[in-house]
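First subunit A sits with subunit B, and in the next complex the same chain sits with subunit C.
And now, the complex of A and B:
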């Protein structure tokens, strides 16, 4: 069993009332960090829940380390560290009791690692889970996830509610985890600035579909934001136009090929490197295709 | 070895890394055979993605500045003296070309430019 991919999601479909995942396909190569970005309600959490088999898809396949995630659920899950936005822990149980109850489920559980992380994160081990602040709950979930030598860390909105200090710490821990080329990380977030720097791959989810899934460097080096007057839009090749937005004093356009953009736009156009926020806003905003 | 990344720079991060390694190798601050940090170690240190770091190393290797030995790591490549000299001359040539372009834009004639170059050379010798 040696797959080059930590995660392979193929043709995922799931229909709910008023919302659907539609043909969601993306991969995460082993040894890298992948980010799922997109606005609230785009489907990021549903995709993650489907990968974790907490939601059953209507169609499609999920393979983890090359294994079907349902046929090999126990093995697959023992190798995943899961940090969830609403952590699935018991409110009245102490942190220590959680460790004793959940640790044995993992073949590679390590009490020493847990104790070290617990002291580094200053976790109050004797307190019940519900007594913890949101940030502390996330730290506890992270300590649990890192204590069983997981090969794949899956995190849903891990930085929501965390202060900048701990967000930095989280980044540091993720890079440290990646020192082992066999480990991988998938996280979802709508705060793109945070984890974007260390992410290797970015997948943008929009209305339950994959808008793109690309190496981050390709996205940030080849894409561009152009700002100009309304006439500028008509001079941009539609093949490279990914989104646009009209402002009071001009137009903003997102293009996927900065080299092709430079021809014939005139001197009044300003060309900028895009941030992931620019990409998300211009591709998913309500007036994303206003032109 | 010192690598500093500017977030606000218009240059892609991998280019910043490539340029800084090159400068240090050409200047001799990084000697032949000196080990470089692993791709993942450098990514951890700079808090950037593994792919970005790998791209920088790939480029440095393609240009002959570093060698990767499977299972051992990455090292500063043996720099042929003539090759280095050529590289440095190339740098001078690029800077001169930029100066020539600037002079052309403001309408300086060749003899004025040549005179300026002569004075500069005498001044520093």
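And now, the complex of A and C:
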């Protein structure tokens, strides 16, 4: 069964004590990089864990390359490279032991690729996992995920704890992966500048729900941030107002249709292209007022 | 797939299995004074089985369960592997203990005592029951749960004892222990009869199968 989508998440629900995912729906087409953004506790990790069948959904469906992720668990997971938010391996065992133990599970595991990546990342293969810094642990998790020719990489906060140089290198590597047709990447982060560089699709998670899921270019071209006095808010069409917050100088508003915004407001209002940071803060910040 | 899981556990938990060597060193050392060869060999099998049953504890300690569960294997495969590995390791440890007792020059038990078919069958039953009881418990409550469960039994025993003293009627543990001992001895002796052995093995197999089903049910509902 073939599908144009690497990931299709439909109507996902999961209830925990004090937190719930509600009707989470989004897609990632094959060959693209998708970013899950949202504040801490929004539900990004739970969504990723549900996709990986580490968390069992109460309702909804997850399809990977058109296949149900539970009915075809072995086939689906052999095509996924997964990097965890907190890399957890057997702390007292060496990196080499992990490679020998875990590599054979993947039909396309490639020792040469692993050795090359280990060398590039300066991984001490004979050292136990727990002796590594958090950054090195993440690098090891990345090396494992990238060594079996995965069609889909799923990474939960992969850049957290990495130094800026390696973060940039990782992002370049992810972009390069896409040159090989069909590879797809989904990663969650709260460092939105990472996504600005490489993501094709952005999905914002807020309080366990999808606030939006859009192509990044559409988001940055059609959305806008307006800055003006408090009266400005009342002149913005509520249908396009996605969030706002009070600032010392007045009010900031996020709108989803820059053309409509320009039409309705006077020259005293400053209109800027939004950054992903603006989008996240204005739609999820504590003082944000979504329409 | 099961072979890969077995190799994975062997590589990543090799140190734990190496720890079992102390058991064999002790058996080798104590062979000169051992009267109950059967007891030593069966305990060897049970100890090794318990180690295998609690391998999940190492995953929990290192937060590595997510790695195991994100591998291209089903959760059912993981449980099946744990049951098979538990039996294999337990029986291997039992046989190794038997061999030790047979080859150590100063060993007191005779070969006939060591390689007693009834004891071998009893070891198989003990290993299976250890897995069948322990695995669902560990999967549901973790190894801490196992310790808490054992601790709770201790406290219950203490409370019963204190209560007995308070009401002036001691509740003796000895009859219970004697009953257990009788059950073990009678079972061991009756294993010489073909019919009983088959019935017991069938009952244990059924119990293990039910335990396996429960473990799969538990693990498929577990969130990591």
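In the analysis below, the second predicted complex is superposed on the first by the 288 of 291 C-alpha atoms of A that agree within 3 Å, B and C clash if a C-alpha of one lies under 4 Å from a C-alpha of the other, contacts with A are read in each partner's own complex, and residues count from 1 in each chain.
As a convention for this text, contacts are C-beta pairs under 8 Å (C-beta built on N, C-alpha and C of every residue); 3 or more make two chains touch, one makes a residue touch a chain.
Small disclaimer: the values here were computed from a predicted structure and weren't measured.
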Side-by-side fit of subunit B and subunit C on subunit A, or clash: fit
First, second, both or neither for A:78, with subunit B first and subunit C second: second
Which of subunit B and subunit C A:49 touches, first, second, both or neither: second
First (subunit B), second (subunit C), both or neither touched by A:190: neither
Touched partner set for A:200, first subunit B, second subunit C, both or neither: first
Per-residue touch tally on subunit A - higher for subunit B or for subunit C: C
Partner chain(s) touched by A:106 [first = subunit B, second = subunit C, both, neither]: second
Partner chain in contact with A:217 - subunit B first, subunit C second, else both or neither: first
Touched partner set for A:97, first subunit B, second subunit C, both or neither: second
Subunit B and subunit C, minimum CA distance [Å, superposed model]: 28
Footprint overlap on subunit A, where subunit B in one structure and subunit C in the other make contact: none
Complex contacts: residues of subunit A adjacent to subunit C: 49, 52-56, 73-78, 80, 82, 84, 86, 88-93, 97-98, 100-102, 104-106, 129-130
Contact footprint of subunit B on subunit A as seen in their complex: 31-33, 171-172, 175-176, 178-179, 181, 197-201, 215-217, 220-221, 273
Subunit B residues touching subunit A - in the complex, by the definition given at the top: 10, 12-14, 40-41, 43-44, 47-52, 55
Subunit C residues within the subunit A interface of the complex: 1, 4, 7-8, 11-15, 58-59, 61-67, 69-74, 220-224
